[in-house]
Amino acid sequence: MAGYEYDLVITNGVCVTAADVASYDIAVKDEKIVLLAPSGSLAGANAEKIIDAEGGYITPGGVDCHVHLEEPAMFGKGSSSDTYETGTRSAIAGGCTTIVGFAPQQKKEPSLLKALADTHARAKGNSFCDYGFHMMVGNPSPEALSELKTLSENEGITSLKIYMTYAALQIRDDQILSVLLAARSNRMLTMIHAENGDVLNWLTDQLESKGLVAPKYHSTSRPTILEAEATNRAIALSSLIANTPILLVHVSDPGATLRIRQAQTAGQPVFAETCPQYLFLTRDDLDAPGFEGAKCVCSPPPRDKASQDAIWTGLRNGTFTVLSSDHCPFNYDDAEKGKMTCITAENPVGKFREIPNGIPGIETRLPLVFSSGRLALTKFVEVVAANPAKLYGLYPRKGSLIPGVSDADIVVWYPEGRRDITITNEMLHHATDYTPYEGRTVGNWPRFTIIRGKVVWDRDNGGVVGEKTFGKFFKRGPSSLGRIWETAQKQGAFDVATL
Amino acid sequence: MAGYEYDLVITNGVCVTAADVASYDIAVKDEKIVLLAPSGSLAGANAEKIIDAEGGYITPGGVDCHVHLEEPAMFGKGSSSDTYETGTRSAIAGGCTTIVGFAPQQKKEPSLLKALADTHARAKGNSFCDYGFHMMVGNPSPEALSELKTLSENEGITSLKIYMTYAALQIRDDQILSVLLAARSNRMLTMIHAENGDVLNWLTDQLESKGLVAPKYHSTSRPTILEAEATNRAIALSSLIANTPILLVHVSDPGATLRIRQAQTAGQPVFAETCPQYLFLTRDDLDAPGFEGAKCVCSPPPRDKASQDAIWTGLRNGTFTVLSSDHCPFNYDDAEKGKMTCITAENPVGKFREIPNGIPGIETRLPLVFSSGRLALTKFVEVVAANPAKLYGLYPRKGSLIPGVSDADIVVWYPEGRRDITITNEMLHHATDYTPYEGRTVGNWPRFTIIRGKVVWDRDNGGVVGEKTFGKFFKRGPSSLGRIWETAQKQGAFDVATL
Amino acid sequence: MAGYEYDLVITNGVCVTAADVASYDIAVKDEKIVLLAPSGSLAGANAEKIIDAEGGYITPGGVDCHVHLEEPAMFGKGSSSDTYETGTRSAIAGGCTTIVGFAPQQKKEPSLLKALADTHARAKGNSFCDYGFHMMVGNPSPEALSELKTLSENEGITSLKIYMTYAALQIRDDQILSVLLAARSNRMLTMIHAENGDVLNWLTDQLESKGLVAPKYHSTSRPTILEAEATNRAIALSSLIANTPILLVHVSDPGATLRIRQAQTAGQPVFAETCPQYLFLTRDDLDAPGFEGAKCVCSPPPRDKASQDAIWTGLRNGTFTVLSSDHCPFNYDDAEKGKMTCITAENPVGKFREIPNGIPGIETRLPLVFSSGRLALTKFVEVVAANPAKLYGLYPRKGSLIPGVSDADIVVWYPEGRRDITITNEMLHHATDYTPYEGRTVGNWPRFTIIRGKVVWDRDNGGVVGEKTFGKFFKRGPSSLGRIWETAQKQGAFDVATL
Amino acid sequence: MAGYEYDLVITNGVCVTAADVASYDIAVKDEKIVLLAPSGSLAGANAEKIIDAEGGYITPGGVDCHVHLEEPAMFGKGSSSDTYETGTRSAIAGGCTTIVGFAPQQKKEPSLLKALADTHARAKGNSFCDYGFHMMVGNPSPEALSELKTLSENEGITSLKIYMTYAALQIRDDQILSVLLAARSNRMLTMIHAENGDVLNWLTDQLESKGLVAPKYHSTSRPTILEAEATNRAIALSSLIANTPILLVHVSDPGATLRIRQAQTAGQPVFAETCPQYLFLTRDDLDAPGFEGAKCVCSPPPRDKASQDAIWTGLRNGTFTVLSSDHCPFNYDDAEKGKMTCITAENPVGKFREIPNGIPGIETRLPLVFSSGRLALTKFVEVVAANPAKLYGLYPRKGSLIPGVSDADIVVWYPEGRRDITITNEMLHHATDYTPYEGRTVGNWPRFTIIRGKVVWDRDNGGVVGEKTFGKFFKRGPSSLGRIWETAQKQGAFDVATL
């Protein structure tokens, strides 16, 4: 690109970061943001490419740290409909420039490193956007835990995910403590899926014994108290391990939210994530005719309107640190690895226990929330880009717009009022045969998605213009959000004798 | 006893019930209270025996519904030092006229009825006081749960106890739900020992791996958050089963107390018990020289002074419904079935994990609390006699002083200021070789204990004057405390589909 | 009555006290209960009069400690429609055997003793039932407060009432502290009407400025937060005066209830009262056609259904200590001293600000609550008789059934299922021209009301058969409820320097 | 400055905003920030002045929105020791580039505009830094409230302050509602000093009546419950006015903090401020020998260590939006307008009631908090600069570092580890004769303070190098923090009929 002063200039945009909303121009060179300058001042710059934002908003690229791709059957019978290729293609079309997926260790595997290697193999050369991995710990064996040091110090894996439910993944409270202790020693963040698995299984048995197996009973089998109870338990366990930081993933319930808030009020390093499904769907969406409700079967299930409001409030008042997609896609009309695997002669509208748990959403996350009008724009950027980057050790390369420091990962939105877009699955870029948001209208959409200075999505000219070999794996450092390690540091190493 | 109008008259006493404190006389005939009359008016009655209370307080006999006797090893290595004979002998000497013990089903036994029969065999003809049994459910098999109907309808067993800890007894959350559901259908009350067993085992492992095995680490291995967490979970589980009534036993922690209080504030049928060890002992008592601390090893362990105050407050404001002894005695200097079984060459001050969990207290319960001056006398009678009788279906025969209705189970106390008594193990009547309250001074003690009109304890003239064949088994009805079944009734049978 | 062993015997009843429900007979002599004996055993006694209760319930006579009679205009424009004569006549017809009315000191009066003397003059020889007085303190001048010693020690006045609203009565926070301090020194209980008067006046001004003056706006002018705020403030003030005991009167709001509960949870001596209007009426009752809503104008106003449920829960879980009528009667169709005083040419449906605040209810209190089926019977007796007697220093003469001690103040109810009674104002015995409960059906009613052994109400034979000269003034002692003075005692005299 | 491309370049610094910490260079032209560029890239720029930060932190200039200057006696007997000149001189020496002072309306003045004009007269030409005013409303007369429209629309006054204490300023709850309603209509933010004035006066009377008048009793007269109560009341009042936004100033008490947190948890627009005195001083500082404690007399008074920790936690978890100085200076050794005005022959150690309430702190605010190590740097910038600017309508010109938009208000700190500075009053630039932080050591201090591109403080070369004519008055817009007006907007105008 010799000859040009800049590789790219974006002029005439209103830039939004986690702190500021203001008009200024951005120049990019060698994959990095290199200059922020007064609005319009770079309109005539010597740049290979100049984008006139026409007054539209500019945000850092979305960072989606809860994405399931190409995973084996773990959450029911099916397996992911999206590969790294199709998932990341969908990501960039929705303004997402970095994802953190999961490297799943199965119960039968003693080692995490093997699972990591396998995941690398799946992703390498197949990602349209930058990426990293969380380790999903299905078997916290001594061997597995001993590998955390290598993972965090050499492999750039600085976060773990554990489950309090799902037969394939559920671990007991004592195992959780072992994970938390090892994570604390290695400055890794532990993500916790908090639902009481024993209880939901019992409820599912009860429902099945009464023949209540239609998709809507998925919601019945997971009452909110399940989530609040497990959340309370997870917080109690983390407090025992000298307040090691945890993140409660995909929180849906006001009761769980309140419990998290109380921990934060007391100064505990307890963080929380929510997802669009808890803001835009409700329990009623599972009660669609026939088997249709299966399209919204995820865990926890969407709740009611009042819960939606409580979750929005939690986003606004800071209870939720991040808003992720929990993209966990399964085809609907697919009897081999999709939602319909659970349909049999005996159960013509399926059997909710066997419906693969999860919904697609990586592409719709940003447009839905951006257009909702329910978050200040700075808060929007904070929860979808800046905080995820900080929380998961990608900052400051990702999640912000800092000259000389940040990768030029940028979304250019349409000028406000320009577009009303009705979501259809046809327009999306995943390999999944439906979207739970079919028919919803949003007021804006990423016009350009730019990764390390390269336009990979140009909605009006070619759509996906990036390549699946472009995305790079990122070794992540320890979480750098606020003073997340402060309590741990102050207390020193965990010492059981002081309890 | 022909010829006498009354078998017994007690004159000149100040009678205390759960509602009233006032001077009046009591006449007894054919095992029942038959008359309440103005103070002094029966002084010259035609009675076989007249007791002049000399202005001392008269209370209903103590009802102690948490008593472990002649149980096999379940809470560690040892087994009960008290038989039904020695335990109930101790009971009457401490003013207790009815106990409810446990009929323990072991994990390997599928049936409850067998366990009940065995327990009957142990108690029959060996009890100085009246008695009943709770079923201790170690294995909630379908067979066991199917027997609840028989137990409640025919056998007079209307309460169950389950454990969230102890290898020999711990059941999982789904099993707890099965128990709660079966209990609800049969109008049985479920008592729950709420400590997170998985977590305390993990902590114990950690402590042992550092060689921290002295008795005081028993307390370290069971931080309060364990109890608060399990309490929260138990309440969540009971709320799922359409608010079936539960009782949290031996609550020691202010956090657990607060959680219980919140449930009661919301109108849930959640009840709670505490015990003298949480009012009179602290964590420091486990930190005695050598192995001495083992004398106070029970679960949950005694906490700190602030916790004691919180528990007293909980008694006064009604959070606690009953105050029981949790008499669970093991000899101290006994390497075969007592506390010292855990002493080995390798562990000369023992290994707390193996110390049998429990302390004696059936005889000291009433004197300690009565003399404390920290409860109104009506509240004292409420929590040690009236409420236990109501909660466990013994009322109105037990726990009150109602003419024509109540058994003449009565304690006559010394006139106030008459006695200062220093507790020594020598003066107690259990078969256990120590008391954790050795050396404490109390201001009063039961002077006479009367069961069904018969003096069985006459402190100044013969001490234990009852016989071990006198105590009768009581078939208990369903709990009749307040409106305990109201929520359940209003909701009708549990219906999973409505969750 | 010579010649008879007993003046009165009640046989075949099911007696209910605050602790017990059981069948036994009662004998009465010289105004006192003198014997409790097995059911039926006194059927053939040598008694001047024998009542066969036919299996109906027997309760202690109702004690209503919140009654306004013959008061001047203080809560709006009107004045009481009931005199001591008509009010107490109504009381006995509703099963109430003792009332505590108010001796109102007006703002302009410096002395309380004068107000007391005036009230004595109104009541003396004009009361069908026994009675006492609270001092209503409108002007806490040094002179007034210096009289508390005389009031409590010589005059048998051991409780005060103060107001945080009403122009005629409202006192400021500093004045409240002065009252609380003086009350504490004299062991007097302070009753507090907790509504923020400044705020409701402001809201009333706002409503009036928009012409919104119909009765229903009375409710609008007093949103629940007003009550919760004032309740919080009252509790804060009492905590400052070394936790001197207070009673929040007529609590209607779940938020206020919660605040009270929190204080109780923390062990503060904070007590609370509620009234039938918050259990049986709602805000909708104020929105009747025309001026009819004025019939339900009282303060605080009735709330919504959810609030009713919360108040019932508060009764059941012990948050509320007493349930009083707050009988504060004004005629409806009375333009001189009743509700209609506020109707003018300009305001044809009245002006809610000037509607006298209060409703009649002394006669309906017991039947409504007894028949509701929402309280255990022991709890019913506790909150309508036993606790009021204890709280206001009338116990044990009033509020219980203790031989040799309690006055024979007794209500005999119809056997269950015998009567369905539709309430009409015509059947009531106050001098007020309406009841807010017109048309409601209750399942039971006091059949006999007995005061000090004398039948004063015989529903089926003569109705009111007592005399207005029969009721006696009672000098009350200090509150003897539970350990109400414990905190104060333990802390010693209030010492500002220790704050 | 013709000829230079930039007026000023700062190179080699680590820039901190509310969102980011990263190394980059800043260029300034015509009073604005005009370029952000990679670190070092502007080292050789064509600039009139180049500052090499040597790796030190760069922050936006401090915005201190709680500053009392040249005010008459309102908080006791004295009057401000600092004029606009001396106060703003002190400000810039401490890194503060904008202040918002108070335009005080006295009780006897009906108009706010007059008070504003007077304040303008005092400040004009006398301010080293930029400034604005809050209106301090002592008399919310209809006239005054009618002026809010002019104030907000024409005069750039978009915030009010009201008091719940101080004889000269205290307004009643109904007056508060009037202010809140008028403020809401004009999109003005209301700041509330929340202490219960009636109660503290009463307590002061009590203390004085016992001769307890030494400075330390100032703390005794203002127990924390006073503040928590008033805070609760203020929040209740704001909720009544359709959730109009309020800010609780100078919060010191954990109880008040919790109440604020609960409101935020519920989504109410309730904001809070704290100050260095609640982070660095305690109650013990008022208990110095002789009259020395008067140096720390401010209201609320500093609390205890546990409260300090709670306030730090509240800063970290977002409960506090801003951290201001509440610079309210009075000379100590000054019997005419300082602390010693209250010393008389009769009261040789003064009389705390008359001690002017307030302490100096404008210069020490940033160094103390920056050096504390207890806040993440982004959080530091958020609470001392970005949020104050947003909350008070100064953003984005103040409080951030946005090219083309933000004024070049910048602080350059020393490289970390370079300086240990012991605070003495001698080194400070106010006109007050003491600092409460005398002798404390801080690890850093503003090296350069730059306002609109001009260096006004150069610590190592001349110190204060700005001029008192440089500071400009700023007309402020409505608060633009987050979605502060959202609730109000959604509800539309306040409508009393909907309560």
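Side notes on the structure shown:
Think of it as A, B, C and D in the order they're written, each chain with its own count starting at 1.
Here, a residue touches a chain if its C-beta (ideal position, glycine included) is under 8 Å from a C-beta of that chain, and two chains touch if they have at least 3 such contacts.
Chain identities (UniProt): A, B, C, D = Dihydropyrimidinase.
What you see is a predicted model, and the numbers here were worked out from it, not measured in a lab.
With contact taken as defined at the outset, there is no chain that touches subunit A as well as subunit B. Counting the residue numbers that touch the partner chain, subunit C and subunit D have more than half of them in common. Distance between subunit B and subunit C, defined via averaged C-alpha coordinates, is recorded as 39 Å.
Computed centre separation for the pair subunit C/subunit D is 51 angstrom, with centres defined by C-alpha atoms. Here the CA centre of subunit B is 60 Å from the CA centre of subunit D.
Shared interface positions of subunit B, i.e. residues touching 2 or more other chains, are not present. Taken as a graph of touching chains, this assembly is arranged as a ring, one closed cycle with exactly two partners per chain. By the touch criterion stated above, subunit C contacts subunit B in their complex at residues 17-24, 32, 34-39, 41, 258, 261, 264-267, 313, 316-319, 375-376, 378-379, 382, 386, 396, 400, 402-406, 482-483.
Put simply, subunit C touches subunit D in their complex at residues 172-174, 177-178, 196, 198-199, 201-203, 206-207, 210, 212, 217, 220-221, 223, 225-226, 228-229, 232-233, 236-237, 239-240, 496-497, 499.
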